[in-house]
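Data block below; observations after.
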Amino acid sequence: MSAGPRPAPRSGLRDWLLAEAPSSRRQAALGSAYRTWSQLLRNPLAVAGGLIVLGLVLVAAFAPWIAPDTPYGQSLSERLMPPSAEHWMGTDELGRDILSRVIWGARITLMIVVLVAVISAPLGLLVGAVAGYAGGWVDKVLMGITDIFLSMPKLILALAFVAALGPGIENAVIAIAITSWPAYARIARAETLTFAQAEFIQAVRLSGAGHMRIVTRHVIPLCLSSTIIRVTLDMAGIILTAAGLGFLGLGAQPPLPEWGAMISRGRTFILDQWWVATMPGFAIILVSLGFCLLGDGLRDALDPKGRT
Amino acid sequence: MAPDMSAIPQPSTRPARGLRRASRGVAGFVLTTAVTFLGLLAITFFIGRVVPIDPALAVVGDRATQEQYEAARVALGLDRPLFVQFLVYVGDVMTGDLGQSITTNRPVAEDLARVFPATLEMATLGILAGVLIGVPVGVWAAVRQGTWIDQVIRIFALMGYSVPAFWLGLVGLALFYAGLGWVAGPGRIDIFYDGLVEPVTGLLLVDSLIAGDFTVFGNAVSHIVLPATILAFFSLAYIARMTRSFMLDQLGSEHVTTARVKGLPEWKVIWVHAFRPIRVPLVTVIGLSYAQLLEGSVMIETVFSWPGIGNYLTTALLNADMNAVLGATLVVGVVFVAINRLSDVAYRLLDPRAKR
Amino acid sequence: ETPPGVLVVAQNIDDIVAIDPAQAYEFTSGELVTNLYDRLVQYDAEDTTVLAPGLATEWTADEEAKTLTFTLRDGVTFHSGNDFTAADVVGSLSRVIELNLTPAFILTQLGWTPENVGEMVVDNGDGTVTIAWDGDFSSAFVLNVLAARPASIVDMETVMANEVDGDMGNAWLNANAAGTGPFSLQTYRPNELVRLAANEDYFKEGPMLDGIILQHVPESATQQLLLEQGDVDIARNLTPDQIAGLGEGTKVETYPQAAVHFLSFNQKNEELTDPALWEAARYLVDYQGMTDSFLAGQMEIHQAFWPNGFPGSYDETPFTYDPERAQQILDEAGIELPITVELDVINAAPFTDMAQALQASFAEAGINFEILPGTGAQVITKYRERTHEGMLLYWGPDFMDPHSNAKAFAYNSDNSDDAYAATTTWRNAWAVPEEMNQEVRDALAESDPEARLEMYMDLQQQVQEESPIVIMFQASYQVAMDEDVEGYVNGATSDFVFYRLVTKE
Amino acid sequence: MSELLTIRDLRVSFPTHQGRVEVVKGLDLSLGRERLGIVGESGSGKSMTGRAILRLIRPPGRVTAAEMTFDGQDLMALPERRMRALRGARISMILQDPKFSLNPVMTIGRQIAEALDAHERPSRGERRTRVRQMLERVRIADPDRVARMYPHEVSGGMGQRVMIAMMLIPRPALLIADEPTSALDVSVQAEVLELIDELVRDEGMGLILISHDLALVSRFCDRIMVMAGGEVVESCAAADLRHASHPYTRGLIEAVPRMDETRDWLPVLDRAARAGT
Amino acid sequence: MIELRNVAIAYDGHRVVEGASFAVPEGGSFALVGESGSGKSTVLKAIAGLAPEREGTILVDGAPVPPRPTLESARLMQMVFQDPYASLHPRRTVDAALSEPLAIHGLKDRDARVERALRDVGLDRRFRFRYPHQLSGGQRQRVAIARALMLEPRVMLLDEPTSALDVSVQAEILNLLKRLRAERGLTYLMVTHNLPVVGFLCERMAVMQGGRIVEEAPTAALRTGDFATEYARHLHGATGADLMGPDLLEPESVDTAPMETEK
């Protein structure tokens, strides 16, 4: 989406990165990364998303310095105070500063997001791609398993995993991650079906590539964009599901400032003390917005066709 | 000089082979479905036993004596080996007996016949609205990629997915029910009308139409509108986003250019040439969302006092009411598998490339 | 707007498991039983603290022979139209014993067994029934037992007609009702709705309305909206904060409850057995802070096991929040700090809030709670297995006699693992000193009412001073209702919720 | 000779990180109802020229021209709606890669019928016969079966012929054919070209034939344009191709193998000397 | 080297090739020409092990071809697909496409090999890190050929390798193929419709029509038009030895005027 020849300051590094004929694979890779990067930068929404995510990371990293208060400091006399100069987001039912809790909660949220992205997306992609590529009974078996997991209520599955792993927010998130892969698998399979027989895949087969190699190197990259979108889209849902598990005593334990749990506790106050549930809600919306926008941007930037 | 394909002897085995294939397909379908269900039951069953809640306690409560507690365990069959319990259960299910719920003290099948239609009704309306709005909106955003329309749609759709459901539900109630009075409050129907129409399908909207009672129908509509809209918003977000992404891939492809070269009107280029090839992944996406809604949105059901399967399942789970959990899981499972199989069939119908 | 003549109540009714009086033990089912059935004697709507005649008009006790003889009320009919007879009394009571479901223990205390119940409850053939017991109990205690939920009289003819597989009509009674009470059961859809219709022929005053509808509304915010909209007349599960924010046209009634809330330590855990720790814990609870804030209106400070407002209650509250004092006690006892204690708690308001407040205040003395929230069933499972460390829970008496709680908080004659008892003491593995056990037994047998109450007060003081159970609060119950609703009666337990006298307008 | 298409200074550019790069650099062209061949090496901008005429280059690609008129209409200024009416009916283009350019989920018959429907309203029966006829004319055997097939089921040459059929069926006034016969065997090729030629002769269709097959172009076209690196390096009457003076053109000619080939090696262009592939 | 005996191939039970038999000696170069849709590509795919439903015997290097490609078969033979657009992975660079076979076979010295392969097919290094959509059709086809050459196979199955190329590149590729064959003793089985290319590169040819091989002849027949079947003669005639190459190169001999058109 660049407009016209831009008289960009031509630094040596930039030229090197953008060299038309990179002399090494490393230079090409860096150049490609740089192109992706500058493509991202040119997309204002993606930049906004990136900034939000960056903000989340920074807030999480520097929570102790940013937060005006500890997340646990109760003051029963100051409970349920509306937002004010002193408490920007008001206080909760135990008189804790909601802003501080939201800030500290960023750490937990970040962990949730990272764990899920690391566990469930690759798993789902792999299963779906293998099933779609292999077809036949492999497809039947894999999709059977996927269907079993998919049709099992999330909560039940998560409960089982947590029962096996022991309670705690980390395990809860792992459980959620393990339960959310089937959706990715189904989508990946559907996409794979449309190009599993394509000539470029046949060409790789002809080179003697094993199935695993074809799937991981050639099939999966083509399913990536929809997975990225789905994963980033799911972030908010996952944060909220984590809160749901917390209800069973399997997720965040009080007084952990987990956003989902905060919202869930703030529910009873929603009509009169709206800020208790709404403030962490805003945080979740903002973060998931950030991830989604970044996801969209990444999708566009990673798509070589969109790149110039 | 035309090469005459008909001159090539056609393999005479063709029709027979087709038949054999079809029958093998049906058998395979039945087999895989059966195995899927068995797996589903097995996993659910064994999960039910590792959950840190004692089902016998749900029956006898916390004041029971040891003796009563033991009696309840025996009555529930918990004293038998796990495997035997499972076999007994599967045997019962085969004969159509889903057992007795320990939290409602009624046959699970009866409970499900009551709660599932409630969810089905809401989810179906929700997904219908979600698809009818989400798909065109997603296509529109893709066609106008990068314009403000695109951005507005994307952000709006995102909201649907990130806003906690109960928040929307409560705010919706406060606004449209308490504030503006446009819709009826929580519940499926006003107390006045409760029990007026004979349940046939369990779907109030359908039942009231069958009975020809339009007042009840109108009341049921005004109750379902808000929760269904929220569900719709929820699925719409996802559907619109995925549609947009799939469409973007298509719009850049050569065959769309071909369509343009043909001078087709833009709507045809978009809906026939760009949209058709994405129906397969889209069907998956829609199937997934529908199934998700059918699993019952616990939060929405709670906020709207909707006696649906999500709530039923959750309550049962929290009380280790395993018959109810298994029964509900089975129903949800049947729905999922049905939807997935249907979308598999849809693949074959919609995308010739998926034929194998 | 709600229909005239019908009271619509928004309530979370998902706790109901059974509504057969022989099986019902949950809060909401207790309410239903109260409004659908009668007992020989009962605490009634007019005054929930006075034992009043029910299906018996009068009774005489023979303390020596350990019997009570009841004269049955004449001309009472069941909802089915059947006449109420002595056979129903005999049948209903023995039915509970024979079914032996959870609440049966209340009656079996009287020494009744399936074998002997036929001799213990006797139809004298002259419109009287004689009831005997086996054990050192005062007749006052026995009357309280007979006023309890499982002693409700069911229409034996109807019930037995619906018997399936020898269940004595249990399954049928869990979906229907067959009583003499002020209301009959019209519709019961679990987790959805209960519809009661007035019994026009009720033998006491009322009912004033044509019917009652309990609508299942699990979400308290939704209840609030419904009430404010006037679509329900009563909202039963609002939180104090919601109640504080209620608008015009509504009113709030507060009812002291019999349930006491406590914090206890499992004595199977070596670290928690030091009495100094128990004592320090009593100074680490911010009683005032909690009742002034999030517990306001919901709980009052009470530090003994028998609740305030009932004969025999011990109302001294010697402990206040004093972390220094606690610190000092811990130091003197040489307890190594900090320690970490898992605290199991039901994941619902106000328990999690209480737990967090305790967590904050105990941390000041180096006792760190690790809160493990869980569902009721989950917490009870653990409690029953004695695998918890700390427990934040409450206890409501099974029947309105101090023994009900004395047994739970001051009696534990066998602390061994296989001697399960559904008491606070056994479940916390607290081996009660033998003198105290004896005093509980003596109090039960004491026939002089005054002396008996004195003994219970003494027991309460002992438990208050030295036990791993820190009783903190007594619950009270706030019900929000439309201004026009009058005559709603809510006694100290859910067994005492009466809709009979309610009027609208 | 009435001018059908006039182009002056056509430029097509794409943004890159080095700024915009022009892939067509100031092309001039005027075409009557005749057959113009464009030859040139791969990547020289032949296809882009064709696409630019139909305004098919999507952003971020950019097209500028001092003039681009078709039949008196200014193509650059035409609103998109009018442009659509023009496409297919008046100007048509056979895209280079048929299999890639056909809708994968639509039967071939429907795709062809659709091209017809876009500009005419034939009855059902008429549509069927015309599609059938068209497929027969591009020498598809068993047209009914092929009409029911999907693009991935046909061979490369069949795809190409389907594409041709689809673009010819509305009888355009100008056909841009981008390597229309590269996958066809010579006998079919000859017949398909014959068909196109018929249209040029009988209906006065203008033709731009993009190809790298010099022999074909010289045999079939009236005029020839040779492109290299986005520019026209030589333009001459087909008959004069053998007199072509530009070394690049000569190089191309030399490189064609002959039926009675005796050379051991074919002469090739000195690629290093020329940038711009 | 390649031997087909009575091979039949079907798609979904529908036979498209029937009774195909021919043999290519080691180091030989064999052309498959014929009608479009007659099953030429299908035969090639079957030899490569990519056609699922086949009957009859296919031997390569004396051994039957495995039902699906294996590491050994990959080093033995490679195929260049007909459609340059569909045969390159849309998300992988040229470099990735070319190094992939090397990586699969654990070959060293990838950088140099990739660069050499690119040079061999006449692409300079600027193209090495491009994506397929950034290449023109001819450029893609050259990448596809380069990929097939990466493993230095002994048998090359070429499905219209030059039909998308301009003549100068075609010349380069043909030279390259010829040179490689000379240097490495490669065996070619090539599908093409361009008879002069057959003449330049091949010794023998088979003519296919409607799923059958109707004639097999030495390429010398191209000069004389000496074919047994009518179809082959027709094919030869349509190419028109008299119309083609010579008139371009030898202006004097031209007597055919361009076709008449109304102007």
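Lettered A, B, C, D and E in written order, each chain numbered from 1.
Keep in mind that, in the parts below, contacts are C-beta pairs under 8 Å (C-beta built on N, C-alpha and C of every residue); 3 or more make two chains touch, one makes a residue touch a chain.
Chain labels with UniProt names: A, B = Peptide/nickel transport system permease protein; D = Peptide/nickel transport system ATP-binding protein.
These numbers come from a predicted model, not from an experiment.
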Any chain in contact with chain A as well as chain C: B
Top chain pair, ranked by number of contacting C-beta pairs: D-E
Centre distance in Å when chain B and chain C are each reduced to the mean of their C-alpha atoms: 41
Between chain A and chain B, centroid-to-centroid distance (C-alpha), Å: 24
Distance between chain centroids, defined by C-alpha means - chain A, chain D (Å): 47
Overlap residues in chain E, where contacts from two or more other chains coincide: 35, 37, 83, 85-86, 124, 210, 234
For chain A, residues contacting two or more additional chains: 1, 20, 194, 197, 248, 267, 270-271, 305
In chain C, residues with contacts to at least two other chains: 219, 221, 225, 374-375, 378
Interface residues, chain D side, partner chain B - complex: 51, 54, 56, 58, 80, 84-89, 92-93, 95, 97, 100-106, 114-115, 118-119, 139, 141-142, 145, 150, 152-153, 163, 166-167, 170, 187
Residue numbers on chain B that touch chain A, as the complex places them: 28, 32, 35-36, 39-40, 43-44, 46-47, 50-52, 146, 151, 154-155, 158-159, 161-167, 170-171, 174, 237-238, 241-242, 245-246, 249, 252, 277, 280-281, 283-285, 287-288, 291, 295, 298, 313-314, 317-318, 325, 328-329, 332-333, 335-337, 340, 343, 347, 351, 353-354, 356
Complex contacts: residues of chain E adjacent to chain A: 45, 48-50, 68-75, 78-79, 81, 83, 86-93, 95, 100-101, 104-105, 111, 124-126, 128-129, 131, 133-134, 144, 147, 150-151
Chain A residues within the chain E interface of the complex: 20-25, 28, 31-32, 198-210, 213, 217-218, 221-222, 303-305, 307
Residue numbers on chain C that touch chain B, as the complex places them: 2-3, 6, 8, 14, 16-18, 25-26, 100-105, 171, 174-175, 187, 189-193, 195, 213, 215-219, 221-222, 225-226, 228-229, 231, 374-378, 380-384, 398, 420-422
